[in-house]
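Okay, so subunit A shows up in both of these, paired with subunit B first and subunit C after.
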Partner chain A sequence: MLTCFGIPLGMMALSSLHSDEAGWTLANYGRIIGSAYFWGVLISTLRLAAIVTASTLILGYTLAYYIVFHLHNGIARRVVYAILITPLFTSAIVLSFGWILMLGPAGAINHWLRALGIIDRPLDLLYSWTGIAIALTYTMLPLMVLTISSVLQNIDRVLLAASADLGGGPFATFVAVTFPLSLPGVATGSLIVFALSVSAYVVPSIMSGGRHLVISMLIYQQYMVVFDFGFGAALSIVLLIVTFIIIGIYSVVLERSSSTAWEPT
Partner chain B sequence: MSLASYRCVVQSVACCLTVAVVVSMPYATSLAETVVHSTGYTGVWFDAQKACVFDPFNAKYKSEGLSVVADPGLSSTTLVRLRSEKSKPTLDVAWLDGGISEQALKDDVLDGIEVQHVPNIGNMSPQGVYKTGSGSIYALSAGYYAQGMFYNPSVKDKPDSWWDLWKPEYAGRSIFPSPAQAPFVPTIVFLNKVLGGSITNLNPVMDKFASLKVSQYYEATGVVQAALASGDILIGSYYVNVAWALADTGLPVRPFTPKEGVPAGDIRVELVKGAPHKLEAEKLINFAVSPEALNCLAEKLYLGPPLKHPQLSDHARERMPWGPTGSIENLAVPNWNEINDHRAEIIDQWNRRVVNK
Partner chain C sequence: MIRRVLLGSFAGLMLCYLAAPLVVIFAVSITTTRFLKFPPMGFTFNWYVQFFSDANYMDAFWLSIRLAVVVTIIALLLGVTAGFVLSRGDFRGKNAISAAFLSPLVLPTVVFGVAMLQFATILGFAHSFISLVIGHIVVVLPYVVRTTLATLARFDTTTEEAALDLGARPFTTFMLVTLPQIKSGIIAGGLFAFIFSYSNVEISIFQSRDALITFPVKLFDYVQYSLDPLLAAASAITVLFAIAAIILLDLAVGIDKALSGR
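Take a look at the complex of A and B:
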């Protein structure tokens, strides 16, 4: 933990307190805190990560629920899992290029929407926040599905049967029994997806077309284009602190929600 | 001795011998062979460096036990590596673009190249030999390129100006480099000058680009190839030499030099300060700037060779960054030190005024 996380983080924190012009200084942090622009980029990044988390949660929970409760054939289940985790084995660059072809004006999505008569002119999906969100959702979906399905699988079926015996329909059983018991999986999946989305670089940099900026792209610019290592490190530390705060608040809220969920005696 | 004991002894001896051989192999190899560590570029650039420099160098010096191992990468990643390894470099030779080379000099990660160890300097044009104020050579050019423009042959009216990017018929169908691309900053500075601005007054070019309806500001050259292959792009700015190479593969792209002119740059080879194999590194540098290597790079990548007497085919001569009949004298090479001093401010203004609109 110390070698792989603590020491690199410590070195980055030290670097953030140094600038070529002024030596040891807090000026890098002053530049960030006093600038509405950098906070704007950070807020855009957090908003994107929140949208991706919500999208993967809705899609991922639906898929996980279907796989666990409705896909009874073992072979079919394995095939579906294999298809679902394929993005994890594919380079983010290759995935992004695939989405560029799908979302372009002459891409598959616009082609079928026009063929079905739903739109007259191609939608502007590429190199937009929508395109970035779609590509990131696709990349993160396997993580959410695997996390939630592992929790759903461990729900005692006796509880679901008991709910049915007591007159609860499928929806009532889901709301009162299944969903509350799956909250740990929801929390874990959401945290993983949010943390990875907020720090994602490859997918946003390709899918943005240089027309939009997230904080990871700004950090890359400072290191690789402007060569201001200190400011890049300061941006990284600020991102880390803000992400920790958000994750902490989310964990507390979810923990309180889980503790009020029904538990068998 | 029982059979089991005998087997155990044999297995133990075999194991020890194997370990001894494996452990001593690198030492044995290093006694017989010296490996020069160099960086290279990426994609088609690296392919050309491999064909024109690295592979021929290995073939020539194989019998002397000298070889080169090249790591592909961008100039910026190479500079980051040089900075982080400053106290104990693992690289001997670095390939850096113009501008990044000056930054590396400022960061004190480059060593002076000795003319007596690199006699091929005598064949080079003076513009391709970069010296410090005290006369020490810090970089040698390996070829010039220009950041020009291209159009899709399907367009009705052939464009001839940078400002054609703003024509309504090209709205959403044009591309331009992003700050991650090395030519971005010098191109912005060049266009700002054309618009009447200066290095301290970037308003003209920032206002102009804020109104551009571009498809994308590309971060990687591979993205350009994908965009060209899709047919979505009608016009854009790209390396003239690489655009010609793509046209040769059949992609719908025709390079042209806008009437306002084009900013030029070059790829350079440098000696790393504190290089573990300095003399061998200078051998590689001498090979890289030989007429054979420079003419080869010109034929493969259409880079303008920094030679007093280049030997080019008619095919390559037509695709030179200075045009079919020009020379190095016709290139508008930027003031890199001035650009580097304002690099952070240029990128900051771009992010605030053009991106995230």
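Take a look at the complex of A and C:
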């Protein structure tokens, strides 16, 4: 594992510090830091990841809560889980293609909204940041739901009953008991979704239609279009560092708390 | 009561959100028009017939299947062994090694994809089946290790001890006692490995060349340059694959047990 995973990354780190003309150099990193263009792309990428994390968290928490506390019928539960993980098992390209069909000017959403008389002119959703965020939220939602529901599942129901016995209404019980106990799941789910969104490649590149850029697309360009491996490697290392910072913040937030990430069994 | 109804309808909306793009793909794939049209016009399986007779698509499709099979077998051998060592063994650096095995889960796949490209280029095996296999194994291995670790964590070792006490040799004990008990974890891990290899883009896109294009990379090219109902049929086939895998997972382990972490 170390050879397969660590060595390629190590070699890439070395190549980011090397150029054919100048030998060992920090020039690639200098170029990144001095480039307003790069900072623009980095900020759009982080903003996209933040929006996607927030929306998956709100939507995913509510859905997970419903599945764990209100969905008791065995068959219904299995169907819901099946619908939930179909996107997870489907290639991101296919999902993005589905969203092109949904969001296009003659797509499903515009068709339905017009049929309902809500709009008369098609909404311009495709190839916009909104469209990218909708599709990326979609691909991340199952991970968030699974992570949070596995935590909610393990909350001791006796605590909830105790809160109710002591006069706590459903809302008070949620605020004072359920939600605090589910925080590890919220943190882990947000970590996974944020880290994967920052580095997502397929969904942004298809859903942007070439009009917007995120870091991973910049990296792809350097390797496959510009053939500047050194600069591409430096960008990759920066993306890796961003991910490490996210993980670092997460472990500080969750210090010594037990691991509660979704574990497929 | 109102709370229940509100929550229930919200959940219903979310399920529509999750299902809608997939349903729309199926809908568009049966249109008789030559361009993408929603709602579809008429009804035909013509695009599916075209898909299965398109040599370009078929080559890529079978390459992806072959790749996923090879990757799954190797990942299971490595991942189950690693799971055993990490779960049963007691040695220094165990936690660090566990972390190293699981880290590719959140590390950027694109970064690993380009690192793998540089690595394979320097060693002279880039753009080959081997480089695809190695890259995919690194990506799917964590899932196999996790499922094995999770299954072993619930494993009752007394049955193994009983078998050994009764004179069974370690190999016999493994085959007759241990393996049947962790079978479901292995099947789940294998399914994850197969599906995530079959649908991978971030590694494959950097290792592809003209005669070696995996199915997702092929779809990726098409989706950027030619949107037509044939692409919808090809995509629908991929969704059917996912559904088949989920049904298998349900039969093997029970879907809510596999996912809800109980």
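Just so it is clear, the second predicted complex is superposed on the first by the 243 of 265 C-alpha atoms of A that agree within 3 Å, B and C clash if a C-alpha of one lies under 4 Å from a C-alpha of the other, contacts with A are read in each partner's own complex, and residues count from 1 in each chain.
The rule is simple: a contact is a pair of C-beta atoms (placed from the backbone, for glycine too) under 8 Å apart; a residue touches a chain by one contact, two chains touch by 3 or more.
Keep in mind that this is a model prediction, so the values were computed, not measured.
Clashing of subunit B with subunit C is the outcome of superposition onto subunit A. Of the two partner chains placed around the shared chain by superposition, neither subunit B nor subunit C is touched by A:Tyr29.
When the shared chain is aligned, subunit B and subunit C each come close enough to touch A:Met224. Look at A:Phe174: by the touch rule set out above, it reaches neither subunit B nor subunit C.
Touch criterion met: A:Phe97 reaches subunit B and subunit C at once.
Contact with subunit C, but none with subunit B, is seen for A:Ile83 once the two complexes are overlaid on the shared chain. In the superposed pair of complexes, A:Trp39 makes contact with neither subunit B nor subunit C.
When the two complexes are overlaid on their common chain A, residue A:Leu213 makes contact with subunit B while staying clear of subunit C.
When subunit B and subunit C are set side by side, the one touching more residues of subunit A is C. Subunit A uses residues 97, 100-101, 104, 106, 205-206, 220, 223-224, 229 to touch subunit B in one structure and subunit C in the other.
On the side of subunit A, the complex with subunit C involves touching residues 1-2, 4-9, 11-12, 15, 59, 62-63, 65-68, 70-71, 74, 77-78, 80-87, 89-102, 104, 106-108, 111, 138, 141-142, 146, 149-151, 153-154, 170, 191-192, 195-196, 198-199, 201-202, 205-206, 216, 219-220, 223-224, 229, 232-233, 236, 239-240, 243, 247, 262-265. By the touch criterion given at the top, residues 3-4, 7-8, 10-11, 14-15, 17-22, 24-25, 28, 36-39, 78, 82, 100-101, 103-112, 114-119, 122, 134, 137-138, 141, 143, 146-147, 149-151, 184-185, 188-189, 192, 195, 198-199, 201-202, 205-206, 216, 219-220, 223-224, 227, 231-232, 235, 238-239, 241-243, 245-246, 250, 253, 255-262 of subunit C touch subunit A in their complex. Put simply, subunit A touches subunit B in their complex at residues 37, 40-41, 44, 97, 100-101, 104-106, 124, 126-127, 205-206, 209-213, 218, 220-221, 223-229.
Those residues of subunit B whose C-beta lies close enough to touch subunit A in the complex are 74, 76-77, 79-80, 83, 103, 107, 172, 178-180, 214-220, 222-223, 226-227, 230-232, 343-344, 347, 351-352, 355-357.
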